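Each chain carries a letter (A, B, C and D) given by its place in the written order, and its residues are counted from 1.
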Amino acid sequence: MQHSLRIGCSNVNLKEVRTFVENTLGAYRVPSDETDWVVLAIDELCANLIAHAHGWDPSHQIEVCIVNEASVISFQVRDPAPDGFNLLDYKLPEVQQIVSEKRNGGLGLILLRRIMDEIRAERHNGELVYWMRKYSVRGSL
Amino acid sequence: MQHSLRIGCSNVNLKEVRTFVENTLGAYRVPSDETDWVVLAIDELCANLIAHAHGWDPSHQIEVCIVNEASVISFQVRDPAPDGFNLLDYKLPEVQQIVSEKRNGGLGLILLRRIMDEIRAERHNGELVYWMRKYSVRGSL
Amino acid sequence: MEVSISEEGNHSIISLSGDLDASSSISLDNAFTSVLSSQRSVIFVDCTKLDYISSPGIGVFISRLGDCERQGIRLGLFGVSDKILKVFKILGLDQLIIIGKTKQEAELNINATQPSDRM
Amino acid sequence: MEVSISEEGNHSIISLSGDLDASSSISLDNAFTSVLSSQRSVIFVDCTKLDYISSPGIGVFISRLGDCERQGIRLGLFGVSDKILKVFKILGLDQLIIIGKTKQEAELNINATQPSDRM
């Protein structure tokens, strides 16, 4: 989903830009303190282009677009009865070490860390939750 | 939206885990090469817990959850008639420098960079597109 | 944005209402020209009704702080919302200008600080 | 996963079909025990029908490569899909074991490489 607004290059139109960004993010229920930052950043960029790239010429136009791109997917593996071990404290061996020892085993956690961008381990009421995210994994909306 | 699967701690159930992850991500139209990596990572983590935390005891259970959390929102400011200047090449001044000179101006691009996590500038058929993302800005699904 | 000026005893007050952005920062700058010429020893800026600030507004405060310092005039803001304060903060400028929740607090802060502290 | 073994002239072939994971890697390991005992000079692993590999399968290849080297037997994989090759690659192991698209290519690669190269 894409939302866009075109304005002429005049500072009086900055208010409309801010309202557009605020309303669009509001519709996606983005929290207002996050919205405030984005409103400011977009305002700064537009003000910059209006002044320095277009010399406040209102016959020139620029366009602001907000794209609701994709969904973020995260993964959990939950262990209701964990042992005391925390995978994230485990010091990974070197692949070359495993190869030179011709060892069968020890590559699993190396793969896990190479694949996932974020891995967290959290305990809730005795349950151990491994929470993971890989940034490139996105759903279509 | 959350999808979850419980399995007993036996290696024969790993196939079910992989199918679950593959089908769930398929439903979100995640490309298959991305899905392959996630399938592998989750398989490795489950195999690890099954063996090392639960000694292959099929009466113990673990749970795999996939959460479609939020939507990713990106921002563009499009300038159909740009000047030659590229904001991203511009060397930002220090705030302290501006303050000590009591200069009126020069903070706009500093703010932009401090607020946004990613900023790219791309030219398409003469149009200049500033593309931005702030990771904490997410829509509810 | 609306700007109004009031003068009272040893101080001037610039009251702002609405959005201080690239289109309105000139009004704030003009208000400073006016109150600086009246030569009172303190300038307060009442931000109670200020909804928004971007870099041109902050730029006016920075440059006018220079004028105030040269003329030995103290500058204080009050009624600054958290939303506006965090813009100063992200730039590391929340210590630059004396800020109080209320006019009384800004006044106390001004009196507690020597002009020379604020170079 | 299904595993079958065929012996032919100077070489043995282990053919894999399905998913090589923690539950099935033992079958591959057993197949190696069997073909190593037949003492032919080359072991091929036909991966044409292999759909999936995870670390226990790779672990078997690593440890069995050690046995092959000790006995002067050459090991080559063929029919490896891109999906499976990229798992070797992410571990930096795509150069570890001789891999060819076809059996002929694996054979050529094996002949081009001296056993001592692969320490």
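Going forward, contacts are C-beta pairs under 8 Å (C-beta built on N, C-alpha and C of every residue); 3 or more make two chains touch, one makes a residue touch a chain.
These numbers come from a predicted model, not from an experiment.
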Joint neighbours of chain C and chain B, given as chain labels: A
Remotest chain, chain A as reference, centres from CA atoms: D
Between chain B and chain D, centroid-to-centroid distance (C-alpha), Å: 36
Separation of chain C from chain D, taking each centre as the mean of its C-alpha atoms, in whole Å: 75
Distance between chain centroids, defined by C-alpha means - chain A, chain D (Å): 40
Touching two or more other chains - residues of chain A: 40, 44, 47, 108, 111, 115
Junction residues of chain C, two or more chains touched: 54-56, 87
Graph class of chain-chain contacts, one of line, ring, star, complete, other: other
Chains grouped in pairs wherever the two touch, ordered by label: A-B, A-C, A-D, B-C, B-D
Touching residues on chain A, where the partner in the complex is chain C: 10-12, 14-15, 18, 33, 36, 39-40, 43-44, 47, 50-51
Chain D residues touching chain B - in the complex, by the definition given at the top: 19, 21-23, 52, 54-56, 83, 86-87
Chain C residues within the chain B interface of the complex: 29, 54-56, 58-60, 62-63, 65-66, 87, 90-93, 96
Residues of chain A defined as touching chain B within the complex: 21, 25, 28-30, 34-35, 37-38, 40-42, 44-49, 52-54, 60-83, 85, 87, 108-109, 111-112, 115-116, 130, 132, 134, 136-141
Parts of chain B lying in touch with chain C, wherever the complex brings them together: 95-96, 98-99, 102-108, 110-111, 114-115
